């Protein structure tokens, strides 16, 4: 049942993506000042949203784990954090490629990019922390505490970096409002990315359950 | 009131159940010997009772309260595998610290008395680093007893103790039971434990295989319990 | 210049999909490893039980 | 006094119990940690030597003229403080490991937040001492008149150091049982601290050179104080979870 749902997610995502690509490349005109490179935004921005949705879900799951002490919440937290990190990486890399054309440099301490990088480091730390703990129940508890710290930190990071950058000359991002047609495509492209993210998280979740079974079996084998 | 009340207690490491469905009630003023092989769950159970770990499922009451309740913990004495002494502090400082943490009215006085009582008065202000193994063990025993706990939780107390420390500990435990305090100890040394014990609990793979009062045939043939309720050796 | 602009748009799309693909490959790798370890362990436990009986 | 104390062979009872208080427990833990550390000086020596070496190396790496020092002072100081802090923070809970002392502390009737707070305060005091010594060294090597704004500077450093210890002490408790804890702790602590470090760097830069704070710097002071407040509350809330398995 769950298997079928994951496959359905992927198929719907693929159809939507094909349609969106068609609209992006062949229907929508180039943006006046930026040219074709502008189209990166259709992946850049929805990826960022997907990543943050993942981190938010991880925070909720971590709190729920500490309240209910049910390892399924912990598995959910890892799954969405990992998928969030993958999408955050997409955001960072596409942002850098866009910056190379528009600003002529690969990296600049733009507030959004910088904040995203800090988020990435925070949640990469979460995965490393999980790696370092052997015992699953202890791992879940420690990781949940860290995840809560990270999620409280994220908004503070955003504000502080914004204040920091506004004290320095800031490169102009894009001027003014976007055409509604662009907005439509932006949102339309978020749907398949979300579906894809959900499918990946679903697979990761199942793996985490298997991993737990495996660890329990291993302990049993040692006890024999 | 019961000293311990466990109802359907489970503890999981991941999906692996280290304790399964443990239920028993231990009256006050008795001595329970917790038996079982390595990995049977003795240490896990004692850690839950001393408030170092929370059970995964089920309810645990210690002296009528939750094990993490500070007032309950003030009435419990714990002696674990490690001796829980600070090498860089003196004997007196070690005991004073714990006397303070346990909320004794006169921490220094209590510490001084106990240093004397375990025969370490001469080296009361030397650093624990300079102590021999036996001296450390006696100091650790003093640390566990100094607030005159109503319930004592001891994890493998006789392993690796030297003779003098064993005597000190046995005397203290006998006194404690005579004064109506409760003692729970886990051990491999069947004979020493069974001499002291009034009750016996046997853990086999996380399950409570036997629980009851100690009988005379156990004393005569300590291995009987394992043969009867444990797995084939 | 415009050609480079277009090329980088292409790179951008490619990078996005490549990163997601790398993650999917990592997922598949983990899946295989789990399967293999599970089989090994099952075999080990069976052998141990045979020895015991 | 209890009836049980009448037994002939027991010592007279000096064990009348008071309620184990929150602050009393925290102070006892802090005093114990400070005494231990002052006796062994393990973390203190490492952290001091490290700070001095970094300050020295940096004075070779760039020409400490007024202009360059102005640009780098805040960042350099907090780089030194953050690394020195990691050395002290890892020791904080690692100190409790050798004889299972941590178990005895957790089993003792002191609440987990009090235990955590005691350790945090001890770490804060130790780190403040290391930082004051580094400031003196900084003043000498870089010819910086940092004493001119002594109290505002100490105030900012106190706030920034509290941010470092409040997060670091909790993470030190979380990672104490891990292999690679010396590596894990800084990797986890520094990203979380970025906002606080950013604010502290902005504020300490001018103060360390004896200059007054511009009025638009107040936003950083507020950020730093807010960070301290939020994370102190969060750490106290999660201390029990972090310490008890």
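Residue numbering begins at 1 within each chain, and the chains themselves are lettered A, B, C and D in the order written.
Note that in this section contacts are C-beta pairs under 8 Å (C-beta built on N, C-alpha and C of every residue); 3 or more make two chains touch, one makes a residue touch a chain.
Note that the structure is a prediction, hence the values are computed from the model and not measured.
Taking the mean of each chain's C-alpha atoms, the chain whose centre lies closest to the overall C-alpha mean is D.
One finds 49 Å separating the Cα centroids of chain A and chain B. With each centre defined as the average position of its C-alpha atoms, the distance from chain B to chain D rounds to 35 Å. The distance from the centre of chain A to the centre of chain D, each centre being the mean of the chain's C-alpha atoms, comes to 33 Å. Contact of a single residue of chain A with at least two other chains is seen at positions 137, 213, 220. Contact of a single residue of chain B with at least two other chains is seen at positions 54.
Residues of chain C in contact with two or more other chains: none. By the contact rule set out at the top, the touching chain pairs are A-B, A-C, A-D, B-D. Across the complex, chain A meets chain B through its residues 69, 71, 135-137, 212-213, 215-216, 219-220, 223. Within the complex, the chain A residues that touch chain D are 66, 118, 121-122, 125, 128-129, 132-133, 137-138, 141-142, 144-146, 148-150, 152-153, 156-157, 159-161, 163-164, 167.
Note for the complex: chain C touches chain A at residues 2, 4-6, 8-9, 11-13, 15-16, 19-20, 23-24, 27, 30-31, 34, 37-38, 41-42, 44-45, 48-49, 52. Touching chain D in their complex are the following residues of chain B: 47, 50-54, 68, 70-74, 76, 78, 80-89, 93, 97-98, 100-106, 109-110, 113-114, 117, 127, 143, 146-148, 175, 178-181. Those residues of chain D whose C-beta lies close enough to touch chain A in the complex are 167, 170-171, 174-175, 177-180, 184, 187-188, 191-192, 194-195, 198-199, 202, 216, 219-220, 223, 226-227, 230-231, 234, 238, 241-242, 245.
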